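Structure in structure tokens, see below.
Order of writing sets the chain letters: A, B, C and D. Residues in each chain are counted from 1.
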Amino acid sequence: MSNYDFKAVIHDTFAKQAFLNFIGAKITALEYGLCEMEIPYRDELTQQNKFFHAGIVGTIADNAAGMAGFSTMEEGSSVLSVEYKVNLLAPAKGEVLIARARVIKAGKTLTICNADVFAKTGADEKLCATATVTLMALKNYTK
Amino acid sequence: MSNYDFKAVIHDTFAKQAFLNFIGAKITALEYGLCEMEIPYRDELTQQNKFFHAGIVGTIADNAAGMAGFSTMEEGSSVLSVEYKVNLLAPAKGEVLIARARVIKAGKTLTICNADVFAKTGADEKLCATATVTLMALKNYTK
Amino acid sequence: MSNYDFKAVIHDTFAKQAFLNFIGAKITALEYGLCEMEIPYRDELTQQNKFFHAGIVGTIADNAAGMAGFSTMEEGSSVLSVEYKVNLLAPAKGEVLIARARVIKAGKTLTICNADVFAKTGADEKLCATATVTLMALKNYTK
Amino acid sequence: MSNYDFKAVIHDTFAKQAFLNFIGAKITALEYGLCEMEIPYRDELTQQNKFFHAGIVGTIADNAAGMAGFSTMEEGSSVLSVEYKVNLLAPAKGEVLIARARVIKAGKTLTICNADVFAKTGADEKLCATATVTLMALKNYTK
């Protein structure tokens, strides 16, 4: 468990990422080792069938995982995605895209997360992607 | 070698993807089994350090690979990314982001591509990511 | 749910793979969409610290996933691993290596599975790897 | 370029891995950032069609990459595979399996490698897999 206010730091880091704002992403839940992120549908985010573009799917998976992993790192750390792998399981067709990420292994240097991505229409959620993300904690990186 | 005008089909498919237009992606080279794609720098595409966001890096890698693979598929096919894996090797800091993708194995059902992503400033290019992308050809999908 | 005796086919396929026998792998549980596999410790299977070698960890993950996925495929199919990705989370130190695999998405052509690998000593199990495996069903492949 | 005798250290590390000896792997070429490894055919290493088993393919890819990466690390380091991802491109049918690995990015903490795996029969080599491997250098690990 963390002994500092990781939520404030994560929301601050999130707010500084112009691209996440550009695509309308928001953090909808955040706990130690867990993060949920959403992106509402907009035409600008789609591929040729008006589904969410795979680039958006990968982005939300990687970033939800990044925030989940960040929450378990030491105060003063910065988080970096080392690699991510996304399996696209079904068309991302819906009104909102939701990523739910959790830490699988929190390590001193590397943290591994899983993120599942769902396309939601009304109350119906459909799993459309699953991702594994490897994160690295960078120390003394704040200045 | 292809016996139909795959370039016209690829440029058409590309043009229909709103998200690729939204982020300013363009195809800068296209041959049988090869595709180069570029995205010029804009503040909206960045993370907290004003580098290209990892979501943009993954998007350009996946899409350049998709177009490279698409060029080797039979006429009338549609292309789908099954999975992609991106290793982020260095900060994507530059004036333009360039992905160069090539087919490693063209198959009847599945096609595997590699894409390298470079951040370019002036004449200097720096490798910032490498990706492997698995594509599936969907048949009779045009109507 | 399957309407044929997939268990008999899977045990038969398993038995024909000399390498799995060579390393002492055995299926310890098998249900529709689920497979558990074990490999008891032997010195021949280790790396320099006498832990299970990463090659063994990858092998058990891929094969448990393959059998889990195979159980959901149509009768007469053959299963092929298209790609697998393993994150090595902790040293595979134990008396027995256990992989537990489950289908995440069963498709007509492609099936995606997750496999977690545990190193067990006495009653203690430690998660040492997690893998994602993409499988392809090959039809009319029995002869 | 390295200023210590990395080849001696790598051959020593290799020799201590019982599993690599068990499957008959040998290093056939080793330079700074490059490693070639071979495994001759034996029935014990096969799957149901008498091709090299995917577990062997993954093992040789991961280990050739590990040795390639190790060659670029500081003296006194130990190397650990963090994750590896293998795309199986064609049946690994041949008299000998060959992996050729090279460093893509050598970093202080993480090193990323590519390994291509070929099945060779007579003078004919066929690409049967390509892998990406993320390695971590562990410092002061020798004692």
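The rule is short, and it goes like this: a residue touches a chain if its C-beta (ideal position, glycine included) is under 8 Å from a C-beta of that chain, and two chains touch if they have at least 3 such contacts.
Quantities reported herein were computed from a predicted structural model and do not represent experimental measurements.
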item	value
Winner on C-beta contact pairs when B-C is weighed against A-C	A-C
Most distant chain from subunit D, judged by the mean position of its C-alpha atoms	A
Centroid spacing, where centroids are CA-atom means, of subunit C and subunit D in whole angstrom	22
Cα-centroid distance, subunit A relative to subunit C, in whole angstrom	29
Whole-Å separation of chain centres (CA-atom averages), subunit B against subunit C	33
Residues within subunit D bordering two or more other chains	82-83, 85, 87, 134
Of subunit C, residues touching subunit B in the complex	82-83, 85, 109-110, 132, 134, 136
Sites on subunit A touched by subunit C in the complex	85, 87, 89-90, 104-105, 112, 114, 127, 130, 132, 134
In the complex, subunit D residues that touch subunit C	13, 16-20, 22-23, 43-48, 53-56, 58-59, 62-63, 80-88
